[in-house]
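What follows is a set of structures to go through.
Both complexes below contain chain A, partnered by chain B and then by chain C.
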Partner chain A sequence: MKKLSELINECKELAFDLSYTRAKQWKEEKPGRAIVGYMPIYFPREIAHAAGALPVAIFGGGDRKQIIKGDAYYQSYICHIPRSIIELALDGHFKSFDGFVFPSICDVIRNLSGIFRQLNIGSFIKYLDFPQNFSKDIGGVFYKQEMEHIIHYLTSITKKEVTAEALNHSIDLYNKNREMIDFIYKIRQDFPWRLNMEDVYYIVRAGTVIPVEEHNKLLEQVCYHIKENIGTPQDKVKVVVSGAFCEQPAVGLIKAIEEAGCYVVDDDYQLGSRMIIGNIDAQSSDPLMALSMGFIKQSQYSSSIYDVSNPKEYRLAKIVKDRGADGVIFASASFCDPSLLDAPIFQNAFNKMGIRYIAFQYSENINQYKVIKEQVGAFSDSIKLWEDEPATVQVTNK
Partner chain B sequence: MAQEAQKEKSMVLQKEMVEGLFDALSKVSETGKKVCYTFVPGNLSELIRTFDMLPVYPEINALQSAMRKKSASYIKEAEKHAHSEDVCTYVKCDVGMLMKGNIGPTGQKLPEPDILLLSYTGCFTFMKWFETLKREYPNAKVIMLHTPYQENAKMTPEMVQYMAKQLRDEVIPVMEEVSGVKYDENKLKKILGYSKEAGDWIAKIFDTTKHKPSPIDAYFAGVYYIGPINIGFRGTPEAVEYYKELYSEIMQRVEKGLGPITPEGEMKEEKYRLVVEGPPNWTNFREFWKLFYDMGAVIVASSYTKVGGVYDMGWRHDASRPLETLAEYCMNCYTNLNLPQRIELLSKCIKDYKADGYITNSIKSCNSFSAGQLAMMREIEDRMEVPVGFIESDLVDPRYFSYSNIKNRLESYFQMLGQRKMMENQEV
Partner chain C sequence: MSKLIYTMGVDVGGSYVKAVLMQYDNETGNHKLIDKQTEKIRKRNPKDVVVDAVDIILDRNKLNYDKDISYLASTGEGEMVIKKTGHFYSMTSHARGGIYFAPQAKTIVDMGGLYVRAIKVDGRGKVIDYKMTGQCASGSGQFIENISRYLGLAIEEVGEISLKADNPEVPSGICAVLAETDVINLVSKGLSTPNIVKGINISIAQRVVKLLSSLKAESPIALVGGMGMNAGMIQAIEELSSESKKNKLVFVSHPDAIYSGAIGAALWGGYRYYKLKLKKPELLSV
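Our next item is the complex of A and B:
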C-alpha cells in the first residue's frame, strides 16, 4: 500500500502528461492494441475497453501548452479548448492515437471533428451523436447503433471480437471505477478536509489516461486512506461548482476556489468520469443496450442533453441540498455556448429558490486568479457572516 | 436622406405573403388556429401545414427586429437577465422581444405557442433556445426532433429510420393532440408535391448566376428569395407560383443582359463574382450590401441561402416517402453538413459559377457556421486557387458591426482581386 501523498503525486504526473506516456507504453506492450482519444464530455469507455483499446481523454492543453498554430484555426470569439487540441495534434502529441471520438457537446467540438478529418489526423474520426430522444426503441436503438460504429472502427484495428461477456466485464470494471469515485465525493461531502479538491481532480483525471484496471487499483488505495480521520477541518463554506464540464479550468483556479474559503463538495469538472449515476447492468445479454439505457436513464444533468422532461435547475438544486452545500459557483469557460446559455435558466430559478450563487468565466490557459479569488472570498464571507441575509448575486464577465 | 429601395415584383409578392402570415397570427384568438414555434433549418413546414397550424420562426423575428433597428434594446434586455454577451444574439433578441411584450416585426403582438417544435438541425444553440422558451411558456407542448449530424457525409438508412420513428411515434401524435386534427398522410403527400416543385424552381433560380453578368445577387437578394420556402410557404401552390414568377423575371433580365437589382437600382458593371460563406449582418443590411455593389461585386452563391435546405446538389422532397423525406430534408440542411462536405459544396459553387473570389463573413455569435471557417477558407484557397477574404460582424447585435473595419478589409480585398484580374488579362 502506497502513502496517500505518493498516490497523489503519481496521479498528478499522469493527469497532465501531455505526451500520454502511460497510454503509449500500454499500446506498445502488446501487439493489436489501440488508443482512442475522446473529447469531453462523456464517452462510453466500456466499448473501447471491450474492443481492446485504451480510451484516453483529451482535455486540451490547459495552461501547459503554448498556442501558436491553434489560434490560426479559430476566431478570437471561440472558446480556447479547440485551439489547444489542434495545437496538440499538429505538434504530434497524438501520434500514437489510432482514432478520435467527438461526442456531441456543442457546435465547436462538432466542427472540430471536421477539421480533424480535413487534416487526416488518426485512422478514424467519429462524431458521436448522443440521442436527444429518450425512448428505448428510438433513442436507445440509435445510440446502440452509434456505439456499434465505434466498435467497428476499433475492432478493424485490434482484430478483437467484442462479445457480450467482454462488454459485461468492461461494464463491471467501470461500474467499480465510478463507485470508488463516488465514495471519494461522499467522503468529501462530510469531511472535505481529508482530501482537497485539487487532489481529487488529479486522482479522477489520472483515470482518463490509463487503463481502468490500473486506475481502480489507485482508487482502492485512495479510498482506504480517506476512510481515516486525516486532515484538519477549516472554517469554509461548502459549494458546488457547475458549468466547467468541457474546457477545464487550470489547476491553479481549482485550488484558488478552495483557498478563498470554499470546500467544493460537488462539481462537474471531468463530468464524463461521473456521468452515469449508479451502476449499469453488467449481466445483460444485450450489454450495448444496457450501456445505451444507462446513458438515457442514468445520466447526470448536462448542458448537452435536452432537459425539458427533467429540468436541470431542479437537479442541480437537489445536488446542493443533498450535499449540504451553502451555494453554487457557476464557472463557465469563456465563449462556452452550452454553459453560458444555461446560466439564465439556473440563475433565474435559483433566485426564486433562494440558492446563493456567483458566476464567473475563465479560460483554460489563464493563470491570474486574483479577481476570481476575491469574488469567491467575498461570496464565502457573505455566507459565513450574513447567513440569514438573501444571497448576493454577482455576475462577472471574464 | 436614404434613397428609397427599388423592389422587384417578387419582393412585393413575398412581402404580401409575410404580412398575411403575421396577420393570421394576430387573429388566432378569433380563428382558433394553433401556433407552432419552430426553426428555419430543418423546418417541417409541410407537417405543420398538414395540421392546419401557423408557424412562428424566432430567428426570422430576430432578424426582422434587427432590420427595424430594434434588436439592440431587446439584446440589452436579455443581458440584464443573465444572458451572456458572448452567446447567440438571435436568442437574446428573441428573449428580449418576449420580455418587452412579444410585439412582432409587423407591430402586432405574437401569439403564445401551443407547440414548441424543436427540429434540432445543425445548430446546438437551438436546443438551448427552446429549453429557455419552454420555461417562458410552461403550457406549450414541446416536441424534440433530433436530427443526426452528417458526420460521415452520409444520410444512412438508420439515421433516416431514427428520424422517421421520432416523427411517427412522437411528433405526429402530439401535433394531433394539440391541433385536434387527425394525421392525413395523403394531405401531407400533396403538400410535399408542391415542396418538390418549389425545390426545383429555387435550384433553377440560384443556377441563373451562371450567366455573365449574373442576373441576381445570390446572397443579399438571395435571402429574400429563400423567404417563402423558409417561413412556412414551402408546400403551397402560392410558393410555386411565386418562384415561377421570380424565375421568369430573372430570365427576362438574362435576355437583356442585365445585372442584379440593388436597393439603389440596377447594378451597372459586374467587376467581381464572389462566393460568400456565413450569414449576413442584419442590423446594417443595406450598408453591408452597398459595400459590395459599390465595388461592382456580385455574390454568385452563398452558403447562407442553403440553411433552410440544400437543393443545388439534386436532393428533392419525395412525396412517396413522406416521413423519410422529411427526415432527409432536415439532415440535408447546410449547417448539418460536415466541414469537408461544406468545402466540397462551396468549391463546386466557385467552379460552376466562375467566381473570382471567396469571402467569409464570420459571425461572432454563430458557432455553427463560424467554428471551422478559417480551416475551410484555407482549404478552399489551396484547392480552388482563388483569393479569399475575411470579415467579421454579427447577426443582430449592432455593437459588432464595424463599418470602417469591414470597408477597409473589403477595399483591400477588392484591390487584390483587381490586380489579379489585371495580371490575368495581361497574361492572356
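Our next item is the complex of A and C:
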C-alpha cells in the first residue's frame, strides 16, 4: 500500500494535468474506446462508463493557463471559466476527446456549447437539460430521454451496446466512489486535521479525469490511512464553503481559507462528484430510470435545480447543522450569475436563522489571496472570540 | 487547577519574526510578558526562523513546548508557524496587544513592515472599525528600513536621528520607488541626514493622520508595531495631528511596541485555552 503523501502527490499530478494524459492513454489501450468531456456542475458519468467511454471533467485552465485567445470570445462581464475552456480547446488540449456534454447551468455554458459546435470541436456536442419537474412520469421520463440521447451519441462511436447489466455495474462502481468520498468528508467533519482541504480537493478532482475503477482503488487506500489518528488538531472554526460549484477557485485560495483559521467541513467545489446523496439502485431492470430518479430524488441542492418545495437555503442550513459548522463562506466566481443570484437568498435566510457568514468573489486565475485571507481571518476570529455577540466589522472584498 | 498558564505568541511579519512568552492569569487578568525574541528573516526560510525564535525562548526559560505551553498562537503569516495551537488574524492580535500596552486606548495604530492600520477598539480589544493603507510599501516600515540602509544608518538609529532635524524636506512622491529616488536627490543636494529622515517620517505620518481622521479616531491612541518604537515617527505624528485637529489627540507608545501582535496573539490564546478546555478539549495539546 502506498503512503498517504504518495497518494496525494499522485492525485495532484492527475488533477491538474491539462493534457489529460491518463485519459488519452486509457483510450489508446483498446480500440473502440471514447472520451467524453463534460462541464460543471453534474453529468451522470455512469452512462458514459456503461457505453465504453471515459467521462472527463473540464474545469477550465484555472491559474495554470494563460488566456490569449479565449478573451476574444467573451465580454469582460462574463466569468472566467469559458475563456480558459476555449483557450484549452483552441490549443488542442481536447484533441483526443470524442464529444462534449454541457450540462444546463447558465447562459454562458449554453453559449459555450454553441461555440464548440461552431469550431467543430469533437464529433458531438450535447447541451444536457435537467428536469425541473420532479415527478417520475414527467421529469423522470424527460431526463431519461436526455440520457438516451447521450448514450446514442456515445455508442455510435464505441459501437458498444448499453445493457441493463452494464449500466447496473457502472452505477455500482460510482455508488462505491461516492461512498468513499462521503467517508472522507465524514472524517473531515469529525477530524479535519487528518487530511487538509487542499488534499481532499486533489483526491476528488483526480477522480474526474481517470477511470472510476482506478479512482476507487486510490480512494480505498486514502480511506485506510485516514481511519488512523493522524495529524495534529488546531484551534480553528468549522465552515461550509458554498457557491464555488462551477468555476473552480485556485488551489491557493482553497488553502488560504484553511490557513486563515478555518476547517472547511463541507463545500461544493466539485459538486458533480458528490451530487447524488446515497446510493442509486444498482439492481433495477430499468437502470436509466433509476439514474433519472436518483437525480430527481437524491440530488444535493444546487443552482441548477429549482425545487420550490424544498428551498435550498434550508438545505444548506441543514448541512451547516449536520456538519457542526460555525459558519458559511459564500465564495462566488466573479460574474457567476447562478451563484451570485443564490447568495442573497441564502444570506437573507441566514440572517433570520442566526447563521454567521461572509461572502467574497474570486476568479479561477487569481493568485493573490491577501484580502480574502484577511476577510476569512477576521471571520474566524469573530467566531472564536465573540461568538455570543453580533458581528460589528464586515471586512469586504472590494 | 492552576490559574496561571504559559502562552506563546509568534508574529511573522515581512521582515521580522517576533515571539513572546506570556504568563496568562485567567483569574485576575494580570497577564505578564515573561520573555521576548526578535529574529530578522533576511534570506532565511521564515519557518526555520520561527522555530529558532520559539526554541530560544523555551530554552532560556527552561520550558518544554508539549508540557508547559498551554497555547501557542500565530499571527501575521501564520502558515510559517507549523507547530501551533491556533492562529489569529493580525488586526485582532494587534488590537489586543495595543490594549495590553495602553488599557485605556480607544484606537490602536498598527504600523508594521508592510502597511499601517488604524483600529477602533473597545476595552476588551475587540475590533469595532478600522482603516488601512493600501498594499503599497510607501506607508510602511519596510520603506524606512530601505531608506536607513541607503543612508548608512542602523534601523535603531532612525528614530533618534529624526529628532535632531531642524529643516526637514518631505519627499514629493507618494510611491516608495519615486520617494527613494527623491531621497537620493536630497542626499546629492547636501541635505543633512536628520532632515532627510524627518522628511520621510513626516510623509508616512501624513498618511497615518489621514487614516485617523477618516476613522474619526478617539484618544488615547496606542502606536504599536515596529514603527511604534520610532521616536521620530511618533514626534511627526504628534506634530501633524496637533496641526490638523482642534482637539489634540493623545498618543501612547511603548518600548515593546514591536511585540504587540505576538502579545495580542498570546493573550487571545490564553482566552481560547480556557474556552476550549470547557468546550473542545481535544483541540488542546497540553
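Just so we're on the same page, the second predicted complex is superposed on the first by the 390 of 398 C-alpha atoms of A that agree within 3 Å, B and C clash if a C-alpha of one lies under 4 Å from a C-alpha of the other, contacts with A are read in each partner's own complex, and residues count from 1 in each chain.
Throughout what follows, contacts are C-beta pairs under 8 Å (C-beta built on N, C-alpha and C of every residue); 3 or more make two chains touch, one makes a residue touch a chain.
Model, not experiment: these values are computed from the prediction.
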Fit or clash - chain C, chain B, common chain A: fit
Touched partner set for A:K236, first chain B, second chain C, both or neither: second
Contacts of A:D281 with chain B and chain C, given as first, second, both or neither: neither
Broader residue contact with chain A after superposition on the shared chain, chain B or chain C: B
First, second, both or neither for A:G377, with chain B first and chain C second: second
Touching partner for A:D172 - first (chain B), second (chain C), both, neither: neither
Which superposed partner A:D129 touches (first chain B, second chain C, both, neither): first
Partner chain in contact with A:E259 - chain B first, chain C second, else both or neither: second
Touching partner for A:D342 - first (chain B), second (chain C), both, neither: first
For chain A as apex, the angle formed with chain B and chain C - C-alpha centres, to the nearest 10 degrees: 100
Least Cα gap, in Å, left between chain B and chain C after the two complexes are fitted on chain A: 20
Chain A-facing residues of chain B, complex: 78, 81-88, 91, 95, 118, 120, 123-125, 127-132, 134-135, 142, 144, 146, 148-149, 151, 158, 162, 165-166, 169-170, 338-340, 342-343, 362, 364-365, 367-368, 370-375, 379, 392
Residue ranges of chain A in contact with chain C within the complex: 232-236, 259-261, 370, 374, 377-378, 380-381, 384-386, 392-393
For the chain A and chain B complex, residues of the former touching the latter: 72-75, 77-78, 82, 104-108, 110-115, 117-118, 125-127, 129, 131-133, 135, 137-139, 141-142, 145, 303-304, 306-308, 311, 332, 334-335, 337-338, 340-345, 347-348, 359, 361, 395, 397
Contacting residues of chain C [partner chain A, same complex]: 71, 78-79, 84-92, 126-130, 135, 268, 271-272, 276, 280, 282-285
